[in-house]
Amino acid sequence: MQKITREQLIAKASELLSNGTVSQVLGWGKGEFDYDVTPTLFSSAEELENGFVFNDFCGANFSKYLVSKAAKADGKLLVFLKPCDTYSFNQLLTEHRFDREKVYAVGIPCEGMADISKVKAISGDGIASINADGDNLVVTTLYEDAPITIATKDVLAERCINCKSKKHVAYDELMGEEGEVLASNRFDEVARLEAMTADERFAFWQNELSRCIRCNACRDACPACTCEKCVFDNPNSGVENKSPANEFEEKLFHIIRAYHVAGRCTDCGECSRVCPQNIPLHLLNRKFIKDINEFYGEYQAGEEVDSRAPLVNYTTEDLEPGEVFDRGDNNA
Amino acid sequence: MQRVGVFVCWCGSNIAGTVDVKAVAEALKNEPGVVFSTDYQYMCSQAGQDMIINAVKEHNLTGIVVCSCSPRMHEATFRKTAAAAGLNPYMVEIANIREQCSWVHKDMALGTEKAIILGKAAVAKVNLNAPLTPGQSPVTKRALVIGGGIAGIQTALDIADAGFEVDIVEKKPTIGGKMAQLDKTFPTLDCAACILTPKMVDVAQNDKIRIFSYSEVAEVKGFVGNFDVTIKKNARYVKEDICTGCGACVEKCPMKKNPNEFNLGMDNRPAIYIPFAQAVPKVATIDPNACNMLKNGKCGVCARICTAGAIDYTQKDEYIEEKYGAIVVATGFNPISMDKFDEFAYNQSKDVITSLEFERLTNAAGPTAGHLERPSDGRSPKTIVFVQCVGSRCDACAEKGKEYCSKICCMYTAKHAMLVRDKYPETEVYVFYIDVRTPGKNFDEFYRRAVEEYGVKYVKGMVGKVVPEGDKLKVQASDLLANKQLHIDADLVVLAAAIEPDKSARPLATMLTASMDTNDFFTEAHPKLRPVESPTAGVFLSGACQGPKDIPETVSQASAAAAKVIGLLAKDKLTGNPCIAHSDELMCNGCSSCANVCPYGAITYEDKEFRMPDRTTKVRRVASVNPAVCQGCGACTVACPSGAMDLKGFANLQIMAEVDAICK
Amino acid sequence: MNNNKYLREELLRQSGVNPKKCMKCGKCTATCPAFDEMEYHPHQFVSMVESGDIEPLLKSESLYKCLSCFACIDRCPRGVEPAKLVEAVRLSVIRKQGGNRLSADDVPSLLDEDVPQQLLVSAFRKYSK
Amino acid sequence: MQVNEYKPLIVAFCCNWCSYAGADLAGNNRLAYPADVKIIRVPCSCRVNPTFILRAFQRGADGVIICGCHPGDCHYTSGNYYTRRRMAALFSMLDFLGIEKERTRLEWVSAAEGAKFAATMNDFVQTVASLGENKRLEDLRCKK
Amino acid sequence: MKVSYFPGCTLKNKAKDLDLYAYKSAEALGVTLEEIENWQCCGGVFTTAKNEVATKLSSVRALKEACTKEQPLVTVCSACHNVIKQTNHAMQTDKDFAAKVNRYMNEDGGYSGETAVYHYLEMLRDLVGFDTLKEKVVNPLKGKKIAAYYGCLLLRPNSVMNMDDPENPTIMEDFIKALGADAVVYSMRNECCGGYVSVESPDLAKNKSNAVVNNAKAQGAEMIITACPLCKYNLVKNGADIPVVYFTELLAEALGVKEDTNE
């Protein structure tokens, strides 16, 4: 259960609307289902009361929306940011992607968000409602008479289990208590793959990536993928493609996408959250992050505004690509 | 699609010997866009070029592919040919079927096959070529000389003589450099000061030359013809334009005991000082680490004594920005530290000195007024041992010293030895040498005179250990010709320390983006044919910053560098390279990734208004490339995630077309 | 000289010395503390092994005069390491049958009561096999 | 000689100032290397976009090698330093996906290193040949 | 702090002082010297020949034991230090040699030079710190003019020993200063005393050692300290007319633990 409530957030938003600090609120809007939460713009207390939700399914990272929405807003735009969202917020500022003056950021605490596919794995399909009750989620479904109680911690999203930080690195105002940067085990899975043989890894990724349907959800949700025109949509780029025509195209898209955000990805995990095929795309980004940390020293994108991303930086003593593999050949 | 003509060169048998040129020409006929294909013995000959010109006209060609030698050889030639045929010179692509095909492959079939593929790649590329026009940039008609030693002085004088303005930046309080510290010069034995100081005065009086002394280069931006340089003028706490150099302050300063750099610490100077009598500018400088007023706010004697009112304790470092068309590096050299060679006891005895210290000891303006006295007790030495090659010619695995020959030591040691024997004939002088290297006009004759006329004892061998004991220096050495170990009780030991580039050279090279060798000597653009130019356009090399040199060589190189600078400054416009980056602002995110990797600072950003599809307008930050500054490396194109940044002449689509053609 | 070709190679291989690096400055010999006792001096070892003139060295007392102080190694500007070559020549002598310079029987006569063990073991190591 | 000796297709991106000149020098000195190597000239190794490398594999290359000036010697001062980071990251990623790491290489070849160029190409061709055909990054549509 | 300790043959016989004082002083400084079990003599001199393997095994065994205990290996005797450090270096850099040694030893995991080898003086400088040492001194040796005699083994070959500047070393001088005494710098401090030939060529040895002592005296030394039993023997035997003592004795004296060792 989240420490901060929907009511507190609405109160804060209404107050900021009414005192003129902001003209609009970017928040989580009611969807068709309780777990189906949609980023929505609210302009009044009334709209908030009708449509604003805050529950264990509010994983969406709003930072990216600032690129398009902040410029259009008349006054300031209120945005609620969970700790991991603030890293994306800073990274986008570093890249001059929105006007800081147009945004009023309120940091909110986050206890981790639930993964609906994990819930469904327990409850089965046909979910009618999900309500938080203390540390549990109470799920009613069309097919079961009795509500099903699930411990929230058992259905936490992978990215929340391995949460890297409960600290907000950017905000105008903070609600609740500030947290700490955490020592997470987020690279364990990458390390596990690294320890495999090349053949095993190839088989693993072949299996994962072959499910890609090129819906572009990963790209569209990614707060680092904010290009005015994506190379994969651009007929003049030479690499335009719109369908996962074959194995090569699948790999090309995901390698290049991961490469384009390498050093800029804050590891928010949106790519994997939104993937309808449940491909662990965040592992590609984490591989780059892990490599960068190991090759060039610890670097957390978005930790500071105006930091220089590792791939647009260098030292004269950097290791050679050949040495990458010499440092303990783990993939014989 | 272009109308492409393909011209396959035989290069005599150089290509035709391993590549079936007819088959290549034939095969390329079928490539998209190719409307004409032929072969010829020597495409670069006048007849070959005429053939291209005629074909362009006859077949209305819009693009040319020449399958020939390396583009590094004849790309420029064929671009001129294209221009002569009325085409844009950048509509030419070269397929390198000589250096990278016929010369490295022996098999005719394989060579021919590869030549065809290389030709296809060139055709694929030229189909995507667009006419390019090089930009032009103006030339700032002023030169900057960094370093005010004899090299910098000579370069500046020559440039000024041609009518151009020159600034000299010198980090010491005076120009003059190492030569000002020398006593006599070989092989003529004329006094260094007598030939140098008139030149220093010429510099001071030349209205085309400005001297920034006690200053250093803080930042260099821009490019050939258009350098923007920030010069840091260190606070000397004396107003240069008011100080008359009378020296009253120097006399009265109570803080007298500071090591005198000009005499290499062998005597002291006050906190306020003028390095030497003929200093240019002849202006006092306050050493902030020694001045009681600056350190503790107590004293102020110099300000009281100065009738001109030149002392200014509140002076701050000053930054001056200036534009230059050319930059000459003349940062010179220093003797290396003797710390790693303490078998010679340099750190243990004052009477073990370096050759440069010996220069000061024999210089009439030096700490002993030219009387040869031992630094420890002032006695005149009766036995002097000179050791050659200290730290020169060392193998890298010896982990000390330099691998190169320092070049000047043999001659100055012969000079020292000769001068000692001349002035103090009762002194015994030994010179331990490995080889005596005297290539130069009148050099060997000079060395022979030292031996034959002046009785200097040259010993083929090396000193192994110097042990200071009592008032003697016990020198243990080998005499290889006699197969003996010598034990000499010496009074003075003089070490011919290797020389190395000044420490300021390395950071300066980084600022200038000029390359250096592993020893920190500046690299010349070509070791034989372009010896006074750096590979970085607009940067020239003068004197020992490029390698060890004696005075005559330094002066010749200084004048040569000046000639190159004059040649550059005489131009009104420079033609640039059109193969540069450009940004498609519709796709640009304004994220700064490109600017982060640009080594030239060629990319700037502006906020631009864009009309959106819904008829609203949006202001976005977009990159723009300064065509005069961009050098066309392409680093930005890969840093750009959206592909907005591309490189003319080497565009994404062009390179991909080459890849496709090769892999087809 | 051909007979010595194998020996020369062997000496260079086991010592790891490359005499071609020598620039014949003589600093090894200049710094050698045992010069007066030696018939052939460090620079001669380098030059004679390089030229294959090894016989005289094998017979020379100089082999047993080197103090193994390594001054020639540290002070050589070219990194040649003459002492290693002296040792290699010495080993090639004492490793032969009957080549021992020192036998256990010799020891008692050499001893005085203060002689440290170190001297004896090192003498054995250096002069016998 | 084997009858059906496998001939890999190698794409070499060479920077104009050092490595391309090094390749020319190999030619001047007639230092042979297999004709399987096809060179594409780029102004600087930092011009090589990872997309180009993947493109080459897609179209049928079996190995891709990028050659640039030695670190510190870049004609553009720092281009090869960026190349070094980009390629370290990219190659590691390809390895992570299980694509043979021996198929990609970054080498520093100066204009004076004709011999190194030839030796590098000989070695790379041999290495790639021993791996056989590139199967893990192929695009069947591009097959002959 | 616990370290592995290799005493060597001489320290258990003719140079017991060097050993005892080393123990007591280390204790006073909070360092426990754990003697290598069943150590064997290092052989007194390092054979530089690459094909000499058997004689270096005793050193490798000691190194391996320290490695297993994950401790640095400390020696006091200059000769032992030189032999062990050179052997360790050969294990690190000469693959053929290391392979041969490991075949002989046939021990678990083999050994390839992982152990850090410290001379006792380096231990004082790098692990304890001369500043700490200075604080622990109870009897400062004020006014004593002491000359450090390095000899050859401590410093050379520098590429391997890497203890200090081989031509202008300061470690022993800093040590002397830490004990409160005045360090006398003299040029012969890193020249050979001829110890190895003191029996075979007594004249040479005498000649060399006198040159060392005379140079030290000429620079005002009242006492010479050394880390090498052979140097001490040679200097004393050839008539040094100022005291020549082990540096550990001086250390024990300054730390106030000298008396309890003389039971």
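We call the chains A, B, C, D and E, going by the order they appear; numbering starts again at 1 in every chain.
Criterion: a contact is a pair of C-beta atoms (placed from the backbone, for glycine too) under 8 Å apart; a residue touches a chain by one contact, two chains touch by 3 or more.
These figures come from a predicted structure and were not determined experimentally.
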item	value
Given chain B and chain E, the chains that contact each of them	C
Partner chains shared by chain A and chain C (touch criterion as defined above)	B
Of C-E and A-B, whichever chain pair has more C-beta contact pairs	C-E
Most centrally placed chain, judged by C-alpha centres	B
Centroid spacing, where centroids are CA-atom means, of chain D and chain E in whole angstrom	53
Distance between the centres, which are taken as Cα means, of chain E and chain A, whole angstrom	61
Chain centre separation in whole Å, for chain D relative to chain B (CA means)	33
CA centroid of chain B to CA centroid of chain C, Å	47
Junction residues of chain E, two or more chains touched	158, 167, 191
Chain D: positions in contact with at least two other chains	50-51, 55, 72, 78, 82, 86
For chain C, residues contacting two or more additional chains	36, 71
Full enumeration of touching chain pairs	A-B, A-D, B-C, B-D, B-E, C-E
Chain A residues within the chain D interface of the complex	190, 193-194, 198-206, 231, 238-239, 245-249, 251-252, 255-256, 258-259, 262, 284, 287-288, 291-292, 295-296, 310-316, 318-322, 324-325, 331
Interfacial residue positions of chain C with respect to chain E in the complex	13-16, 33-34, 36-37, 64-65, 67-71, 73-74, 81, 83-84, 87-88, 91, 110, 112, 114-123, 125-126
Contacting residues of chain B [partner chain A, same complex]	586-593, 596-597, 605, 616, 618-621, 639, 641-644, 652-653, 656
Residue ranges of chain B in contact with chain C within the complex	343, 389, 393-399, 401, 434, 460-465, 476-478, 480, 483, 485
Partner chain B, residues of chain E touching it in the complex	158-159, 165, 167-168, 185-188, 191, 211, 214-215, 218-219
